[in-house]
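In what follows, subunit A forms one complex with subunit B and a second complex with subunit C.
Let's look at the complex of A and B:
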């Protein structure tokens, strides 16, 4: 069977989950505040997560093609079909852009014009300094133009791959062209994904910045794409497709899941440790808030995305068995969804509090407070000789006070922890993603034809 | 096996495909293969020979765990008991600062431990001389070796028949 048939029953199941997702979004809206912050942040969270998976599927194809990888060529159509989700992804993100222009949501503090107005109580000199990049024009440009470039590459590489099926020749002309497009996409993906990550995700904490953030987000998407790929492949195999994909291929995908979970941890820890060591108030605020107000998610994130896959997938045989490999894939996919939850929600909650005036008056000074406390912290160090630990605690306390300006530690449904509505929304988006995936998968041969590495892929042996 | 006391009859093959077929044939004929030598790892050879999976990686995990604990506990002892120093206003016990070195020591212990274990198991090391049956088995020849210490002439003839039937390009004997 080289042709996937998207059965009516599967469509109905996925459609049911999409309705569940819409229902959950509707229920979220009913109990929401005036700006629908919970609904909008759930929408942003899931749109970014699944659009990123589509982008990194295209990145995976490009990287594998550039690296002359042969083992995956049997099932490259899976990642091709994932990458075509960039088109619905663009529509999803354009809703956020429209909301930005229409002032319908308050996901981004920098989008509030009062922050740029010197006469306003919300005047924020830090955001004024960043306003040449963090503004609606750049956000729109980045989303529209960069995503259009990704879609163009996804479409182009899909066209070449499909054309190879019918018109492929033994001088491998199609493959040579594909290699050029793939190699060209890699640097483009590197720079553009970083730029949109700054806008889509990092700017919800509009005062904060980290140069490692884009890589860290990218690693998260990469691992999620691999985890989803493993599960899709296992499901398709259980339906009788991809008979020649063996445990050898799953083993290699398992290695990618294992290795890139570690890579993600490496980036996560590098970002954390540099900020922790530097102890600079305007940087530590990001982690301080998450460690103190979101401890379950903060430490759970490391457990589910590093410790569990690390020990589960360490052995040779666990990467070759469906049970352990799929268990690890589910953990990691959900874990990285939680990771994005933790990137987005605290910043949005902070903006929500700003907007609803909880800390309104105090905010103009927040930057100065940060600086003061950082100076205090330095001072403590200077005279700390001898009683280091106590004073270090004081210094940390200084940062705690800064953090207290930024968020309340009270439990907030849908922000402090993902609730049932968040999980329902996630399932709805997942069903949408899978629906588009299976739809695109059914439009072409499951295995490419006339692909030069096909023989290598059939005989792949680790 | 004592060195210098083994009569070995071996055949050289030109290609790994021929070698794989020959090894299969030897298994079917219930011939007792002493060892197979190849210039590079041949896919699918281990299961045919019935070799079990190497346990070297288990040793690697244990060495790594020892290195991890050693690194972390040693730094904890140094910075809280032996020679406490304040760095950047941090507490004496600062786990994040210990992690990079803990990681390095985990890798170091695992890597060095596995290399040493491998050398010990294989009886290799400085000063050891490992006789090779034929220099070309490190280059372009694939070799199946039989131990013929206790073999009578019938058995040796049978092995020679096996080599010529399976397409060996050369058959030699050597005492190692």
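Let's look at the complex of A and C:
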């Protein structure tokens, strides 16, 4: 069976989940505030998460091709099909872009024109400083142009791979061309992914910055793509496809899951530890917020994405058995979804409080509004007074922030923790991703033909 | 390891070698009198070592006042050299441990020399923090043990102390790993030797007999050490980066430092491996074992890590602006356009721009370009550490303390001297031990020898087994 058939029942099941997702988004909208913050942030969270998985699937193909990896060539079509989700991913992200231009959402504090207006009570000199990067034009440019480049590479590499099936020769002409495209994509992915991560995710906390952030997001997506790959492969095998994929291949995928979970933790630790050690208020505010108001997610993130996969996958045999490997994959995929939740939601909630105060929409936020201003005022002093005053002002800032937290530490459904609606939305997006994946998978041979490493992959032994 | 090898892969051992020829080719350099080239190189190296000993004695006798350090610039060439040498050491562990995990067969041609390089580079690196203490005879103060010094106790909060642990652990594991690999090869030399040499190599080989049990234990130990070495590769330079990044000094306090230092370390380590391998394969006539395939693969690693480092440089630069923090912004303005602009230009030119020549296959496979670039990269990575350390310290928060740092002859002598130390050790190594891991090269002969794999293979049964 070298041809996957996307059965009607599978389509119906995935369609059902997509409807569930839409339903959950609808229900979210009904109970939402005037700016539909919860709905929009759920939408951003899932769009970014799955688009990133598609990007890193392309990255995985490129890296493996460049490194002359042979073992995975049997099932490389899985990652190829994932990477084609970049096209729907662009559509998803363009909705955010449209919302930005139409002022339909308030995901990003920098998008509020009042922050740039010196006469406004919301005037924010720090955001003025960043405004030549944090603006709708750049956001649109980054999303549209960089994603178009990714899509072009995904499409090009897919074309070469498909053409190899019919026209491939033993002088490996197709593969040699593929190597060039793959190698060229790596630096392009390196630069562009950082730029969009700053726009899409980091700028949610519009004051905060960390040089490591883009690589941290990248590691998160990488692990998620591997986890999803393992699950897809196991499911396809259970349906009778990929008969020659053995526990040897799963073992190697398991090693990747294990190693890159540790790598993700390494980046997590590097970012956290350096900020904690430096103890500079402008940086610590990010973790202060998360440790105090999102403790379950903050510590749970480490437990699910590091401790559990580390201990589950440490032994040799657990990487070769379906039960443990799939269990770890499910944990880690959901874990990294939570990781992105924790990256996006606190900043959006903060912006929501600012905005609702500003528009007087009145969700009982007046109190936060006041304290936020105290915090901002502290900031201005710091900027004006130079270094000596910096520390004092940081302290003041910290105090004001703490006050703000006391005011905002009340539980907010869909922000403090993902609720059922968030999980439903996630399932909807996951179904959409898998639908597109299976659709693209059914368009070509499951195993490539005339691929130079196919023999190595069949006889792979670790 | 499966014997199925794609015909797209090029052979890694040329000349249709047999197992016996491999033994002959690699053992011979240790058995004959040294060549003229070796003697001349050794004389140069020992002269460098003498310079080192002289400058070391000068420093200890007169104190580190003989350096151009002052209250603002507490770290100069010393710590620059320290970080540079530690970084160079990284490629050895990367090749032996991480490339082993990724089953990259080309590692067998270069791992022995790279591991030796690691050990010698770490020895050179270790000199600098010790000399920098000024009172070398008090160096044991860095060890935490019950003592009578009262409150004078190590500071566990300091990344400088973590360095002590990280580097000594790294050195120990690297040494064990290297020596473990050498044991069967020493036995091979012993079996060919006579008289006192035979006794000596028998001692070095721990009485290795080559029994199945020996090989089995040897394999297990290698795996355990590879497992230990892998996190160590990341940890050592991560902790070195903490020396800077845990501070609140603009330009040093940035979260990307740990992975970016590791990438830079691998980058410079591979450049030094290239320098050494190009010389070794020529002088010891090992071109059939360290082939153009090996050189090309290493150049690809250099291109990849150089570009990663480039992404990190631009990220730092961009985020410095983006932060809106004026001191951070100024620190980077100062790096690029301040009095040390030439070192920033040198760093960018050598580390990011020039390695891009390796996009061209012809240049990746050119000995001349490779050798030239390997020197270039080493210079660039030295500049990187100098940029980070000197430009930052020369202009700190207090403009009245701003100054300009130029090394004294003693500092230059110490750096040149460690190069002498390094090459002296490497040249001795190339005389007494097989510079290529004989046993490991033999293990890939049947899958990567040019009579078995590649375009001239005698039979290609494996390549077509998938056609059905």
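Structural remarks
Here, the second predicted complex is superposed on the first by the 412 of 462 C-alpha atoms of A that agree within 3 Å, B and C clash if a C-alpha of one lies under 4 Å from a C-alpha of the other, contacts with A are read in each partner's own complex, and residues count from 1 in each chain.
Throughout what follows, a contact is a pair of C-beta atoms (placed from the backbone, for glycine too) under 8 Å apart; a residue touches a chain by one contact, two chains touch by 3 or more.
Everything numeric here is computed off the predicted structure, so don't read it as measured data.
After overlaying the two complexes on the shared chain, residue contacts for A:327 are found with neither subunit B nor subunit C.
Using the contact criterion defined above for the overlaid structures, shared-chain residue A:215 touches subunit C, although it does not reach subunit B. Looking at the shared chain after the overlay, A:190 reaches subunit C, while subunit B stays out of its contact range.
In the superposed model, A:123 makes contact with neither subunit B nor subunit C.
When the two structures are aligned on the shared chain, A:141 is found in touch with neither subunit B nor subunit C.
Once chain A of one complex is fitted onto chain A of the other, the partner contacts of A:6 are absent, as it touches neither subunit B nor subunit C.
Between subunit B and subunit C, C touches the greater number of residues of subunit A. Of the two partner chains placed by superposition, subunit B and subunit C are both touched by A:461.
Residue contacts after overlaying the shared chain place A:316 against subunit B, while subunit C stays out of touching range. The interface of subunit A with subunit B overlaps its interface with subunit C at residues 273, 277, 279, 461. Of all the residues in subunit C, the ones that touch subunit A in their complex are 1-9, 101-102, 104, 234, 238, 242, 245-248, 253-259, 300, 304, 307-308, 311-312, 314-316, 319, 322-327, 359, 397, 462-466.
Of all residues in subunit A, only 269, 272-273, 276-277, 279, 314, 316, 377-378, 380-381, 384-385, 388-389, 391-393, 395, 461 touch subunit B in the complex they form. Within the complex formed with subunit A, the subunit B residues making contact are 43-44, 53, 57, 61, 84, 86, 88-92, 96-97, 99-100. Residue ranges on subunit A touching subunit C, taken from their complex, read 66-68, 70, 125-126, 129-130, 133, 170, 172, 175, 183, 186-187, 190-191, 194, 198, 207, 209-215, 255, 259, 266-267, 270-271, 273-275, 277-280, 282, 383, 387, 452-456, 458-461.
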